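To keep things simple, chains are lettered A, B, C and D as they appear, and every chain counts its residues starting from 1.
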Amino acid sequence: MIRVAVVGSSGYAGGELLRILLGHKEVQVTAVTSEKSAGQHIAFLFPHLGRLCNLTLEKLDPTELANKADLVFLAVPHKEAFTVAAKFVGVGVRVVDLSADLRFRDTRLYEEWYEVEHEQPGLAHMAVYGLTELYRDEIKRARAVGNPGCYPTGALLALAPLVKEGLVELDSIIVDSKSGVSGAGRTPGLTYHYPEANEGMMAYKIGTHRHTPEIEQELTNLAGSAVVVSFTPHLTPMNRGILTTAYAKLKEYKGPETLRKMYAKFYKDAFFVRVMGKGAYPNVNAVRGSNFCDIGLYSDLRTGRVVVTSAIDNLVKGAAGQAVQNMNVMCGFDETEGLKHLGMFP
Amino acid sequence: MIRVAVVGSSGYAGGELLRILLGHKEVQVTAVTSEKSAGQHIAFLFPHLGRLCNLTLEKLDPTELANKADLVFLAVPHKEAFTVAAKFVGVGVRVVDLSADLRFRDTRLYEEWYEVEHEQPGLAHMAVYGLTELYRDEIKRARAVGNPGCYPTGALLALAPLVKEGLVELDSIIVDSKSGVSGAGRTPGLTYHYPEANEGMMAYKIGTHRHTPEIEQELTNLAGSAVVVSFTPHLTPMNRGILTTAYAKLKEYKGPETLRKMYAKFYKDAFFVRVMGKGAYPNVNAVRGSNFCDIGLYSDLRTGRVVVTSAIDNLVKGAAGQAVQNMNVMCGFDETEGLKHLGMFP
Amino acid sequence: MIRVAVVGSSGYAGGELLRILLGHKEVQVTAVTSEKSAGQHIAFLFPHLGRLCNLTLEKLDPTELANKADLVFLAVPHKEAFTVAAKFVGVGVRVVDLSADLRFRDTRLYEEWYEVEHEQPGLAHMAVYGLTELYRDEIKRARAVGNPGCYPTGALLALAPLVKEGLVELDSIIVDSKSGVSGAGRTPGLTYHYPEANEGMMAYKIGTHRHTPEIEQELTNLAGSAVVVSFTPHLTPMNRGILTTAYAKLKEYKGPETLRKMYAKFYKDAFFVRVMGKGAYPNVNAVRGSNFCDIGLYSDLRTGRVVVTSAIDNLVKGAAGQAVQNMNVMCGFDETEGLKHLGMFP
Amino acid sequence: MIRVAVVGSSGYAGGELLRILLGHKEVQVTAVTSEKSAGQHIAFLFPHLGRLCNLTLEKLDPTELANKADLVFLAVPHKEAFTVAAKFVGVGVRVVDLSADLRFRDTRLYEEWYEVEHEQPGLAHMAVYGLTELYRDEIKRARAVGNPGCYPTGALLALAPLVKEGLVELDSIIVDSKSGVSGAGRTPGLTYHYPEANEGMMAYKIGTHRHTPEIEQELTNLAGSAVVVSFTPHLTPMNRGILTTAYAKLKEYKGPETLRKMYAKFYKDAFFVRVMGKGAYPNVNAVRGSNFCDIGLYSDLRTGRVVVTSAIDNLVKGAAGQAVQNMNVMCGFDETEGLKHLGMFP
């Protein structure tokens, strides 16, 4: 049994971490922090946790927290995480960071897209990118993990086999993603005001979303040469879920059945990736609340393209669930511990 | 570890039973049945259970099933349950019936409102009404439990303390309930067609809904004299949840704080009932997916009325969750086993 | 053709006034104001009006505006309206005020519930309560109309015939209303943040909502003696619509058919009130976007109660539509001008 | 004033035609037909039309109907339209067909994708494809118009300027569309059952949707050489709207501002196409209920691609609204008559 703390517990990812960790056999949550809600009982912010969690939010004091926790989840905004992460790692507390701060090996990319100076490039360089299915071995030994963004998780699981196996033209990749509104966080704003978001659908930050370089970094790693993608995120009227539709030109035509077999093999050790059968396509309603990523495949001779769709829950596999999955790997627990029975339908 | 079977596994309550039972430590699901989907893998009907449940639906053969299960959940339509229930009980297999067939001690009431002859009045008489918080002791010894309807669960937990303690005029009770669409089941129909139900809100079956006599039976038991209520169900554009707003005239005025204390005492042993504090009212979004029932209280001198609101998830506390809670009590398991960490927000 | 202005055009009621007025044959919109958005083109705030409306928002200058408009709609918050209204009325410009400031004949009631001093009690006393169906003759001669609140509109149209005809016990009236989220206005807040409001349902301000005294004032007028009601508003996950379920004890039992005939007669001159036939109940999806109020009736001997349900669009019959209806009556236009073809389904 | 009839009035497109036509100054609706609902008052099927439309549905008798109507809208399923259309055209009644039957000049394409024999290839050849913005002159003289599919309308308006002007690589075009559920029609089915569609998002019929050849026919016409596209439709949890995201490789890079100017010029006579300014992207919530198509443009040097997003209401510009727009053009009415003030927000 290890002791864990959640830093930045007032947002949706923080709440979701608690939901998962409270049902996790190997873990005790010893502290939850929030700068603006310090002093409040967790159930005041998250009524659904009433009677299940008796913690009170405290202000973050890294030194004190280091005495209470063996591993810390950081669910704070980007730029606020790297300093805190460095403190914890410095005293031997392991870190899973849900912000963008530890996702980039080359922090110049981070600085360019996030328009902020990265003050811990060494830590970022040392940290492991937490897409568990791709970096399981590195994560086992990691002191700090940069948990992937929600969009990159869906996009990379959809594209990794194709790119890794060299099956597609690298300059042909398009990622069109549709996200539920919780992906925008818990801070109210006009765009997310119910009467505006409900019955609405739009693309936003076309070509300029900060998850673009993250997708490109990992596809480049997989390909062994530079990959540039067109990435378009969309705001969709639902609480949770990301449906990603990825397009790429096949170097040499392969039918859907061949591709399905290749994907099944690629993900044969990945409990949380379900490659769907003939004619079946992922729906976010089948991964709601769960850590699964469902993948569907289509290709045709008409266009010479492969179309991959993937569905994840942005707050689970796209955030808190994957963070716990990474903790499980880091700590030698069963990778699925606490993560198996989270899904809910309808 | 006991062996359980789910009869009628293709609907939402059946799916929800599986979600819960698959994470239950004391139970092994040994069979799932469906007349119309027999032969299909469970994940075909419920993609969210893919990789978690490897069962194939079979046609119901009570004799065969009795060899595979120590306890059976019946999630079949009313009128189809009493015969099957009788067979299982006859051979010593315990039954939790989610239909209406075993909810009425006096089956004439059933016959009047359900317009069908009850062929097992003896079994119905012997069965225990499965509102766990009210019948825990009887359920411990029960061979057959009639699991409550979704609306009655929310209404009775809201009203039981007031009626039991004799605080309200019995002819003044009004129950106004708002249910998510999953309460109508999984069979498509124009009323539940997305473009009709979405952005819609209506009362239906005013004064004639079959849950009315069920509410009245139990309130009458609690009061010790006949209770008649006005009950109005509403169809609300959300997947899950029932918000019940109950009104009654106080015989003698009592303020909200007094009522809250009284409720807290009444439910002091009820893990799944959360009586809310001053100024806080239940929202179905805080019980989504969970077995909790949240209760809020208001009263004022202006009107001399008490207004109680309760929130449940119709598929959990209103169906599958309460069924498992009843199983836990029947089998001597911890009442909360498998039911603690089900809730999901947002 | 008259000239009209909309003061406070940046909220939902303001936007809805423009939608309606732009299609109105007898009216030209000459000015739109907004303190915080002055200088912006209307289509910046309301992209759906792009190419239809070429107005730019200006700051409110009552003197200047009085030269541009024969009638002014006030869609500003309560307490901000009475001063402005007084200025316009003082120079002969007619006013339809959508705030609460001119709804109360007895401003002490206003001051008690709105916790603010009313600085224009004389104007409030002179103004007409703009429930068109009840005050049509007075509205014809009115200089200032206090347009009803959204909840009172639905509640009063549902209850007026019963109370006016003296059919119900006056101390037995309960109003349980379910509103779409646009009723809360366009200012973001956590309660209305999409992931919180979506898939949520709750009662709020039980017994304390400010529309309570408005309902009581009008029912008291109709009854000729004091009426006190229990009023419970609910927040419902939909953009528009209020479904009101009203309960009252019949002094002497009358069946639904008798009540329907009585209502049909009561509303025989009310184009926008549709009394529904046997077994049919209102759904907000049938009045979405329109100025109609649909009414359904149920009563039974079991309880001796009548249950009336009404459906309106809170932004139309509950706000902007009724305001235009009142303008039509004040100006001698056809009462339905601009209001007939607004509804949209699905 | 002309007389029009709506054949197949019980579906959403039929209902929407009535909403629009009832507010149209130049038109009288003289008959509405439905095979399965004949004999019922229109308000039974469409309660929102109660008091606005006093028609009763009748069975279709083309000979009789030809005496009552100068122009007929066909809102029946594909394969049922061509025979009826031929009868009307044969006796001089003009036809706007909302099915696919008259959309293809080369009916072999229709036969291949719709898997049915086309029995009126001559009529199909003569009919005009009803994308008003592209075929206005031909529509003026048309006897029969094949009203475009909903997806093709959004896709073609998004891509026409690029393809017509020869700016993009023709083999690089990808169309990723997200549609509200009303696009699937009014017949209930499990996929569209509220608890399944709500909070769900999926791609379907990837690469095989029947709107694919329609998009390709028109892009081929515009390009002057064969165009093949990847088209992926998605089911989105909202009642109305299609958001299309189209991708193409620019032959020679052009910035967004250049593209916006080019689009503005291309659509300078198109009242219903609104090209959005810098940094603004279409949202279906701004075209809900209206006949507008909003278009947003993005391009970047990184990828050399242009990304065009368009938003329409699938039932209006994607069906009934465009049908009326075509009627207006055919009959010499103002193209915007009856179509200007239909939009509703929120």
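Keep in mind that, in the parts below, a contact is a pair of C-beta atoms (placed from the backbone, for glycine too) under 8 Å apart; a residue touches a chain by one contact, two chains touch by 3 or more.
Remember, predicted model here, so these are calculated numbers, not experimental data.
In terms of C-beta pairs in contact, B-C outnumbers the other of B-C and A-C. Distance from the centre of chain B peaks at D, each centre being the average of the chain's Cα atoms.
Taking each chain's centre as the average of its CA atoms, chain A and chain C sit 46 Å apart.
Distance from the chain A centre to the chain B centre is 36 Å, each centre being the mean of its Cα atoms. With centres set at the average Cα position, the gap from chain B to chain C is 38 Å. Contact of a single residue of chain A with at least two other chains is seen at positions 12, 180, 182, 195, 198-199, 237-240, 283, 285, 288, 346.
On the side of chain A, the complex with chain B involves touching residues 12, 15, 19, 22-23, 46-52, 182, 199, 239-240, 271, 274, 280, 283, 285-290, 292, 294, 340-346. Those residues of chain A lying in contact with chain C across their complex are 12, 180-182, 186, 188-190, 192-195, 197-199, 237-240.
For chain C in complex with chain B, the residues that touch the partner chain are 174, 176, 178, 180, 195-196, 198-204, 206-207, 228-230, 232, 234, 236-241, 243, 245, 247, 281-285, 288, 296, 298, 300, 302-303, 305, 307, 309, 311, 346.
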